[in-house]
Amino acid sequence: MKETIAMLLAGGQGSRLYALTQTIAKPAVPYGGKYRIIDFPLSNCINSGIDTVGVLTQYQPLELNAYIGDGRPWDLDRLEGGVHVLSPYQKIEGSDWYRGTANAIYQNFGFIEKYNPEYVLILSGDHIYKMNYSKMVDLLKKTDASVVISVLEVPKEEASRFGIMNTDKDDVIIDFEEKPEFPKSNLASMGIYLFRWDVLNKYLEDDNNNPNSSNDFGKDVIPALLNTGKKLVAYRFEGYWKDVGTIDSLWEANMDLINPNVPFDIWADDWRIYCRNPGRPPQYVSNDAVIQNSIATAGSSIDGNVDFSVIFDGVEIHKNATVRDSIIMPGSIVEEGAEVHYSIIAEDVVIKKGAKVGERPENMDDIENWGVSVVAAGLTIGEGAFVRPKAMVYDSVGEGEEC
Amino acid sequence: MKETIAMLLAGGQGSRLYALTQTIAKPAVPYGGKYRIIDFPLSNCINSGIDTVGVLTQYQPLELNAYIGDGRPWDLDRLEGGVHVLSPYQKIEGSDWYRGTANAIYQNFGFIEKYNPEYVLILSGDHIYKMNYSKMVDLLKKTDASVVISVLEVPKEEASRFGIMNTDKDDVIIDFEEKPEFPKSNLASMGIYLFRWDVLNKYLEDDNNNPNSSNDFGKDVIPALLNTGKKLVAYRFEGYWKDVGTIDSLWEANMDLINPNVPFDIWADDWRIYCRNPGRPPQYVSNDAVIQNSIATAGSSIDGNVDFSVIFDGVEIHKNATVRDSIIMPGSIVEEGAEVHYSIIAEDVVIKKGAKVGERPENMDDIENWGVSVVAAGLTIGEGAFVRPKAMVYDSVGEGEEC
Amino acid sequence: MLTNKAMGLIFANMHSSSVGNMTAQRTMASLPFAGRYRLVDFCLSSFVRGGLREVGVIVKENYHSLMNHLGSGKEWDLSRKIAGLMVYPPFIGSLSGTVYHGKIAALYNVLPYIKESGSKHVVLADCDHVSNFNTAELVNNHIDNGADVTILCYEQQNKDEGGLNATSVLRDENGRVIDIDFNRPPKENYLVSMNIMVINRELLIELVEDAYSHRMIVLERDILQHHIKDLFINTVVYDGFVRRINSVQSYFTSSMSLLEPDNRKCLFDPLKPIYTKVNDDAPARYGIGCNVKNSLVADGCIIEGEIENCLLFRGAKVRSGSVLKNCIIMQDTVIEEGASLSYVIADKEVKIGKDRSLMGYESYPLYIQKGSVV
Amino acid sequence: MLTNKAMGLIFANMHSSSVGNMTAQRTMASLPFAGRYRLVDFCLSSFVRGGLREVGVIVKENYHSLMNHLGSGKEWDLSRKIAGLMVYPPFIGSLSGTVYHGKIAALYNVLPYIKESGSKHVVLADCDHVSNFNTAELVNNHIDNGADVTILCYEQQNKDEGGLNATSVLRDENGRVIDIDFNRPPKENYLVSMNIMVINRELLIELVEDAYSHRMIVLERDILQHHIKDLFINTVVYDGFVRRINSVQSYFTSSMSLLEPDNRKCLFDPLKPIYTKVNDDAPARYGIGCNVKNSLVADGCIIEGEIENCLLFRGAKVRSGSVLKNCIIMQDTVIEEGASLSYVIADKEVKIGKDRSLMGYESYPLYIQKGSVV
């Protein structure tokens, strides 16, 4: 009934985001002033004409569930199809949490079968990018491939951090190496796979029956396909793509929105990114504020100094406060005279008067101790307290304390 | 934000429905020609003015999930509130399937807290009845009780099959006995509890910390409330109420719709039962058909003889076939000359020409071997085959075979 | 973003006058049909299944019931965030101040919307044909052939069914329309138009602006016939079940033709569902002593009497001792005990009293207006 | 089934003429306000939060933009299966054939719907007041006092704000209205009506039928004033932020009053959210060298120039080198480099060219119509 349906792997805890994913799944982490990470793959789907998406999750899905809701913000509330959150469940033969990415898909074959698609697109919920998936479908049809894998050219010196695809001159994949020490090419897998449904069906069944498999697409399923001579074709993606799996990369991806030299434009009308709108009145900038080189969103109120920063909805920056090179997530307050530098402040944090979070690298003697500071959701940083650079704050910090 | 929210326990496998709940949860079992069991509590909620419902499930939720969808059939697609399916999930401290009814609610405190209700209504997904829950809320307010429990007068001789409430003259509950040998009253608990949220919060927290508890409302939580002197009041329900947890009771509850002497009217306009509509054209009754004392629904087509039966959508009863005292669920076909008596035929079954399922008690010599026959979903009963009374058929039956 | 191939435009009031009192309080589009549908459902469902995400319904008068039926468009999956269903009432104040006449003026009235659309093509449809046509096939054929206009039509099945208001076309050997004929029984070798066509959006805008400024009225006559040489007017032939409603009598025979299993199978193909507003009726109940033969029965009906060759809409009640033959009984109409009806079309919420006897003829079924008490 | 306490009815076109060209292509109800809202949002949101599940919007003319804004009603949770949002265009053909004048005729036009409703009371509202009133409180007060009619009003804050079209009421010591005054500045001790009132549904039907048959036109004058002795007309006094839009100038000052934090806090209480159509704009972007003081900025704006005491709607663009003081810039309007604006209201999609200079006065802000290129 549906030509292509998408399965979005949103199950990961995102443990390398530490304090930011204590109570929410990684795809629900706020990004870019008003979005959450999952808005990008979901918007890409609807913009690519894919109106059926299964979101696979098992870690803290409550907020993600509520956020996705009926799917309307992405025009994914459909009579047939639409977006559905798929959690693990019990069957008569027993029950199981998802083991690995391939197993998560395997456990939800029932969902896929309902739509009887030609193609299944496997996506992950931790990348920021704009991509027209229908081009992968076109390529698969044109090359008669079993699977199309999206790849990106990365600098040679970074290639060993990725899964690397070696291809022939027609972009047919010859072999695949996970984080090779000596990469043979610079084509990195983006973790986006377009399968023929019958192929996916067969190989995941085999994978599930293989007791030695770790049930992972990259480690097990792709090699198995290559070993049995299936035709896998690389789709060369060009454009902005960022894995936001670490604190540093999440910080950078936010800053990329401000940087006029980074070709990533969320203001363009031709490929909108949709999100669940917080429904707040316009932001207010007072007579005492100085705001530049920043983005801010509805419901925020700015009385202080904001520079090179990303301000989410409902954030208050009070008089004489300074926020630079930082990300302030929804509902957080930076009180009078407080300073925030190179930091990610999660939701509903209060930074009390005169407190200081983070430090500028130019002020550091020991630069190797410098890094982005993170304050977890709901905490209070007491009056005059200091949060060190690179700190990962899980608990509130008392008045005048250092952490 | 919401005065009362409902939590619907739909987690059970419903193992005493055997073949009918192999691949679906009990609340998703079809009933009454076009409904599923869960339509009754959901319709009761919206008709009682409760627009926020959590459905707790962990067994085979795919069909139930798809059936509930965005909740629109019950007018439960809301910006704030609405109906939400809640599955078990993983937290940073680990993860757990639901243990007992009380634990299922406890694991979903996060959902309840979001709405910060005054009262929480605990419902179960295996009863057929029409009830205005707002009367329980009124009673709770009037009596200043901690919990109101819905009770029904049952015949004395059946009382020992139920949880029995003993009350004083003001209907305050004095004690509670689960299936007592010598019942002190005939007030049976209907498994419908209205709690003050603060009381529920405290007692489920305590229950969760008690290693000896089986985490069940009836066995653990209600006795604990009584032991600590909380005021529990019985709400006396009058009207039709049926637990459909067994094959016999499910069969009876369907037949009750046909019986003019049973005061249960789903045709009345003042308390509509809503369901997800299969969207089929009207049913067709041919020149060769004889249909009486039956109910049938859109998309069915009747060429044979139907008497005292419940026919679901898409069912075909072919020429010269006979269906009596039976329930034929969606999409099943009874071919020419086949006979079905005192049976429940699940979805998409084909009963081939001349086959016979079930028997009439008046034709039995050994009446103790008589009972309702059940054929599981998707099976084929071969030409001329015979399915014995009381049989529970899990596998297709070949041509001419007996089972 | 993907631009949609086509948008849909439905003319709700066209041909309303052909069925007399049946449209006294409703549009042609909201005429009840087949036990639980309205005529507009067939068109809307086909549009939606064919991938159209932007559908406008142009109404002129009597549109209470239609707006009520359509609601937010959710039942057709057209309650969309992006595009979706739009009802266009006549916009008084913005244009000349009077209500338009003819399809050209109606189109002119909604030109701002047509201009805003990102679609390449427009599917125009009246609501006077009942069928389960394939919109995707129609649009793709239009595109693949590079046509300017593509008319959906069918071969005349029965000479008697033509007549009033029929538009028919003659094709050359390449499938190109070389003649269009109006308002009379189709000639030999002519195909009957289903009053459904695809046209390039920008061409439509140009033609309508031009025709409106020349005070032209009828799209088919004043535009298509006029431009028959310089436009490539293409045809797609539909060969499934199709019925044209152009009189009370044809409404009756079209309805009764659904008692044929093959016709039902074609119109109600489960793979091509017809969506409609949900009414939440309980199942139909067949009482003790009822007698039902060769009839279509919708949910919510309660039948205690005798019916033969009948079509019962949702919630119709036939009390014991009453006898109905060759009747169409619409929603919530009640036939009291002992009544006897033959060749009657009873509209919604009619009450036929005890022991009443009403008789029409096959060639002239008796129509009883909505809410009447007989 | 629970019967709803009250249904809502909104008059979309009332007072449109008071704001001149601002409503040339829209209703009063769809007048943009506060950076991302339309006037109707305040009323609709209050209705919905107050538990109303059935809301009708009565439109007369120029309702393209309003229908587009409301869509299926989903944003206000009024895309309901049961009841929900209904837009009532003037129903030509069903009644006298001409478009109605006055509120009584408008109500008469929709009487069939009012009669069908299961609600006990009707809340009537014009869209000329901006506030965040409490519908539940209003309706409960009406019920608890056993009133026939309850008018929501406020104490006159400023003599200057009265004037054109104001309706005011005098109460006795029991809160009962003993005089109603029209179309002039409210007298001493009179309360100003917010043009929002509750009335018993059956009484409303009776009064409207009676008044219509006597060719009466104005609800307040011809019905309420007329029946002031035999009806119990009750009042509820609203003491939060409220502004009346009865001129371009009052539109300007009302908008600018939102630069006061206390006013914003009252109108945009997070516990009483104002719902509106979602536009999916990206965050606002503050460029290098921009200078923003005492301004409200909606999402999607790009600010490179200098703004002070301004209100920027969604997607407004202020290029570098331009200077805006005391301006209201509506959706998608672009101010090119070097332009200089003071006391200007620029409607949607206006383009102010490079180095242009435009100046209005506090007492007479300069209004630039939608789509203009300056």
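We call the chains A, B, C and D, going by the order they appear; numbering starts again at 1 in every chain.
Heads up, the rule we're going with is that a contact is a pair of C-beta atoms (placed from the backbone, for glycine too) under 8 Å apart; a residue touches a chain by one contact, two chains touch by 3 or more.
Everything numeric here is computed off the predicted structure, so don't read it as measured data.
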Counting C-beta pairs in contact, does B-D beat B-C or the other way around? B-C
Sharing more than half its contact pairs with A-D, counted by residue number, which one of B-C, A-C or B-D qualifies? B-C
At the largest C-alpha centroid distance from chain A we find chain C
Quick one: chain A and chain C, Cα centre-to-centre, how many Å? 48
Centre-to-centre distance between chain D and chain C (centres being mean Cα positions), rounded to whole Å: 39
Which residue numbers or ranges of chain C touch two or more of the other chains? 74, 79, 81, 275, 278
Where in chain A do residues touch two or more of the other chains? 72-73, 77, 272
Sites on chain B touched by chain C in the complex: 32-34, 72-73, 266-267, 272-275, 277, 279-287, 289, 291-298, 301, 306, 310-311, 314
Which bits of chain A are touching chain B when the two form their complex? 13, 22-23, 57-62, 65-66, 70, 77, 84, 87-92, 95, 97, 110-111, 114
Please name which positions on chain A make contact with chain C in the complex. 47-49, 72-73, 75, 77-80, 134, 270-272
Parts of chain D lying in touch with chain C, wherever the complex brings them together: 60-64, 67, 71-74, 79, 81, 84-87, 89-94, 99, 112, 278
If we count contacts the way the header does, which residues on chain D are in touch with chain B in the complex? 1-2, 77, 80-82, 275
